[in-house]
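Both of the next two complexes hold subunit A, though its partner changes from subunit B to subunit C.
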Partner chain A sequence: MKHQDSPQLAGFLANQFPLIAFAVGTAGLALSAISYLVNPERFFFSYLTAFMFFLTITLGALFFVTIQNLVRSGWSVVVRRIPEQMISNFGLMALFFIPILFGLHTLYEWTHPAVVAGDHLLITKSGYLNLKFFLIRVVFYFSVWILLARTYFTRSTTQDQTGDPTLTLKNQTTSTYGILLFAITITFSAVDWVMSLTPHWFSTMFGVYIFAGSTVASLAAISLLAMILRKAGYLANTIRIDHYHDLGKLLYGFNIFWSYIAFSQYFLIWYANIPEETFWFTDHFRGSWNSVGILLAVGHFGIPFLLFMSRHVKRNLVTHAMMAVWFLFIHFVDLYWIIMPNVSKAGVTFAWVDITALLGIGGIYIGVLFTRMKKYPLFPVKDPRLSDSMHFENV
Partner chain B sequence: MSEYLHPDTVIERAPLVLNGHGFEKITDMVCGPVERKAPKWWQIAFLGAASGALLLVSMLGYLIWDGIGVWGLNNRVDWGFDIVNFVFWVGIGHAGTLISAILFLFRQKWRMAINRFAEAMTIFAVICAAIFPLMHTGRQWMDFYLFPIPNQMSMWPNFRSPLLWDVFAVSTYFTVSLLFWYVGLIPDLATIRDRAVSKSKQFFYGIFALGWRGANRHWQHYEKGYLLLAAISTPLVLSVHSIVSFDFAVAQLPGWHTTIFPPYFVAGAIFSGFAMVVTLMVISREVFGMKDLMTIHHLECMNKIILATGTMVGYAYGMEFFMAWYSGSEYEAFAFINRAIGPYAWAYWSMISCNVIFPQLFWFRKIRTSIPAMFVISIFVNIGMWFERFVITVISLHRTFLPSTWAYYSPSWVEICTLIGSFGLFLTLFLLFLKFLPMIAVAEVKAIMPEADPHYGEAH
Partner chain C sequence: MKKDVVSVLGEFTTPQTLLKAVKTARKAGYKAMETYTPFPVHGMDDAIGIKPSKLPWIVLICGAVGLASGFALQTWVSTSAYKLTISGKPFFSYQAFVPVMFELMVLFAAFGTVFGMLILNRLPRWYDALFKTKRFHTVTSHGFFLEIQAQDHLFDIEKTAEYLSEIGGTNVEVVKA
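Our next item is the complex of A and B:
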């Protein structure tokens, strides 16, 4: 008989690790702040990329929690606390959005009335792309995300104490309209924060594209976090190889979905060859950006498609972890390729703020995550479907 | 039925076989219709359906004899019912593979009672679909040029044309679906062979059962083969309708060219396919007395998928409209305003109400578990999805960049009769399936019953 895992995080991961993360994060943010003094334009674009990286991972986690509740999933119960913890970081992400508010004029040309006045297209769009409505939407997105996350998290952690099964049903009910709110907010936040960087460009697929990337990255992050906990001696008999296998299958499937969406978007614009749309890709293939585009095709689709197909790779935690790290890396490359050509127009240029902004937001994100993790059990200890999940076998 | 606990109100999973039937009873229930003489209603229905199929054949004969001019197409609207019906039928054919492949990979046990049924529909729907592009070429005797066949004139199809990709996509889809369906049928064909009393039945079912003996090794190969076919079919669920959507989306025509088309078409296809499965399942479970195997829970799960995919379709409509405005392109904007208030507004609003408004009633548990309500809504969805293809094809075409070319398209009686006839063919094939093949995967349903658990009946 295997012993029951301790649901309580303690020791290094609970105490020293968040401090290290906070230290890295603070240093990263401080260095980024210095870079702002050197080159504010570069700073804002790099910062937005890093922000979107962690935001999309958190959004993917929100999708995971919502969909698992919605479909009354059994297998995923033991995994679910990790994304539940991740979505509780939406408040933090809202704080991280504040610097972007100061950079709106740098990032988004449509915020300049003078530019808009001389541009017929921007005048047409100003009913949507105007500062006031933009800020209202920012508040709306974050309110929806924070409220949904709090609702799921509070019910799930209350159940840890009371064991009340109706809380599971209540979360199921929330997930029904939750999935609608999620679809609307992720679409329009993608339009607002990323697509409107190039305000003349438009693509009906864009929201789906960002959603697909988010899901891939967040599944990779969930797997990695579970493995970090496992390495430290937690959840080894709770999140078993069978669960990693399932996470891997979802990750693999969603990665093909990303490839499908990315290809379709590119392909349809290439084929129709209408200048109003193609200019976006021309800009994003200019100079050395072309190589980044190829890296995405090979690295986001080709390599994982071949390497991660096998059952053995998904069930071997070393190879699984390597692939998960790769997925996170390539997701960052994806966002970098979408956002950075707006500032580094001739080709790829590296600036240390690209890295420090990522470390800055990431350090604080992980620090807050692990600080909260020690306050709550690491898996939903009294979930009515816990036994389903513990005993499930992946044949 | 009072013991039936609704799964949304309890944590327990709903039972998939009601009233505690044993293995033998289930075999009897499913094999019964195949073994008994065809009932009166079946004979009447078959006669009706076969007359419809005959109508199709005569309309196609007339078309080949007289030429495409018998259709109502004009210079401006050169794609009409032919393409609309093609996309409609291909869409209907999407439920089968989704249920058999994707729901299989997602370990959805409720699929077991309906997959056979849905896969059969897939195959018949693809057959109906294939007729239209083959016929609309005009010179149907040259259709073999659709395939890249080496010839002395070095004439090749245009490899950059999505219409050629359709040829490959649809034929691949058909082949894999047929294989999938057939592989799943083998154990059940063997069951019927073993139960058959007449020599001819033993012989024919015996041939198609491929010598299945239900040995351990047979089952091992079967399970592995089934899993592999499921994995192969999964991308096909997306690829076929994505390529169909390319037929439109690679063009520069406002209303056709938009990047969301591939996933939007796939969602729409699953939406319409599931609606058709619900329509036919509601009738079949009634007349064949299969209510304990195709339970309300099964239907409710289907309705939830209809709600989900219907909402995705609504999302795509919304995105198209939003981007038509956001793009700032007056042609895009006109195409969409013309849909809503132009001469074909009736078609547009039929589509919106059938696809976006009525399926939203499935949010209410009372409605998604009510047989009459789901029957009516599923028919609405079928109509709505037909209109969606009409809206995309015809409304986008009838008013394009050059106002002097604008025209109105009305189908001729030949086109209408061809559409009716295609339903005749579909139902003919479907009725033959109901009569000669087990409509439920007997072996698979047994495998998901609690009794199939090796630990069933042991104390915990």
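Our next item is the complex of A and C:
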């Protein structure tokens, strides 16, 4: 080994940066709270969008950790600690869900018994869409995520101390049912929290759609975090260009998967032309929302498909970083386009709370992330496959 | 120099010794080299100085042509050649064209990949001179071979063969067509 990177985060990223993030986060949340007093309805929808943005990124990270453990992946060992740190934020995301509980009546039409009583479709769906079962599911989703995340994280960080290779096998065993639990929880939470904003709608693809978007955003976030650490002088010889290349390939592939799912959802509904299904797209293409839809087709699929195709773009960290930022941005646009037409019905309207909620949740999220990062090594220092991963070459 | 001589072939026992030999030979000025190994050896492409394949460009162009032909075909058929009203949708329903455009893109790209690969590798060939050598059959199990080809500007049957043994090659053979 030529040069061993320090696994210990120190200096600006470990000390000042989390404080800056906490300050931005607190300011963002405070400003969002003020906007709640002005316009509670707008606040809840913007907050839900920001919440979903960070939740989906965390879920994508859970998928990454699970799948890498499951397939006994060698190349990704050096990268794995970053998503492991991200999924440890599920507890924080559970706290961020609390404000949404106060907005259930504003967000979700089906929580009003009077509305449901006069609506045949909602009566039929009320076996699933009722407040009690909804809350049970909320507890279930967060329990599953927090437990899975803690299990992976604790084993992986214990291994940093003991070097016990059986912990790797145990994580692999957990990931077998972990991937099933992940598939169920991400699908149903997407249905519960986002799709049920329009409870009359039918789409069997919605869960996969959110899953595809979260994986794209999460891979972009993992790449970006690794590059931020690299810029600060960490992991430069550990997470090498070959690893970024592979992250880029996964990102590119999952972005095409997103496009495929997004188009399939639209296409089947367009073809069948049944009013119970088409109204969702009519609502989401109304006025200037139409331009956002076109932006998604071009910006989430067309532009990245052409620009991010070449291996040179994936292996060049400047272009890779630019694409990763773009993927995160367009993922936010995607969620914005899914959620916001429910409150801003005639077309796109901008409100400051859209940004302050994002900064609020994001600031605290990043602050907690970097505070935890300095407590643990930046890569799994005693993973049995670490050497494989460090010598990994991408052909 | 005899006309039927194709190359000189040397055998190595491990991927590391082969890789080292390739690097040495490259430094000595040899350019027309080829290696044969039971499995891909990391770093070999760089060591030989192989240029990136042109195949991705062929595939990209074929894919684009496939996409365009899928679009053109369906537009022509459904807007002028054979107009059919399908569930009341406009004749030019580009949404409905997408699956066929996608499929034709994949088909053309796949053809481009397979036939492009064959053409770039000059395949199929009836036989390869290497098959006539004594040792080359071990390449599928444990043999690592370096071949210095006759078109190299430094190539000279005796000197090159000697050079191959010098850099660690064993069972050096002259390959004849």
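Assorted remarks:
Just so we're on the same page, the second predicted complex is superposed on the first by the 394 of 395 C-alpha atoms of A that agree within 3 Å, B and C clash if a C-alpha of one lies under 4 Å from a C-alpha of the other, contacts with A are read in each partner's own complex, and residues count from 1 in each chain.
The criterion applied here is as follows: a residue touches a chain if its C-beta (ideal position, glycine included) is under 8 Å from a C-beta of that chain, and two chains touch if they have at least 3 such contacts.
Predicted, not measured: the structure shown is a model, and the values here were computed from it.
Upon superposition of the two complexes on subunit A, a steric clash is found between subunit B and subunit C. Of the two partner chains placed by the overlay, only subunit C lies in contact with A:E393; subunit B stays clear of it.
When the two structures are aligned on the shared chain, A:Y271 is found in touch with subunit B and with subunit C. In the superposed model, A:L169 makes contact with subunit B only, not with subunit C.
Comparing subunit C and subunit B on the residues of subunit A they touch gives the larger count to B. When both complexes are aligned on chain A by C-alpha atoms, subunit A residues 271, 273 touch subunit B in the first and subunit C in the second. By the touch criterion given at the top, residues 72, 120-121, 124-125, 128, 165, 168-169, 172, 176, 180, 183, 187, 191, 200, 202-208, 249, 253, 256, 260-261, 264-265, 268-269, 271-274, 276, 384-385 of subunit A touch subunit B in their complex. The touching residues of subunit A, counted against subunit C in their complex, run 263, 266-267, 270-271, 273, 309, 393, 395.
Chain contact summary for the complex, subunit C toward subunit A: residues 40, 42-43, 45, 60, 87-89, 95-96, 98-99. Across the complex, subunit A is touched by residues 7-9, 11, 105, 234-235, 238, 242, 246, 249-252, 257-263, 311, 315-316, 319-320, 323, 326-329, 363 of subunit B.
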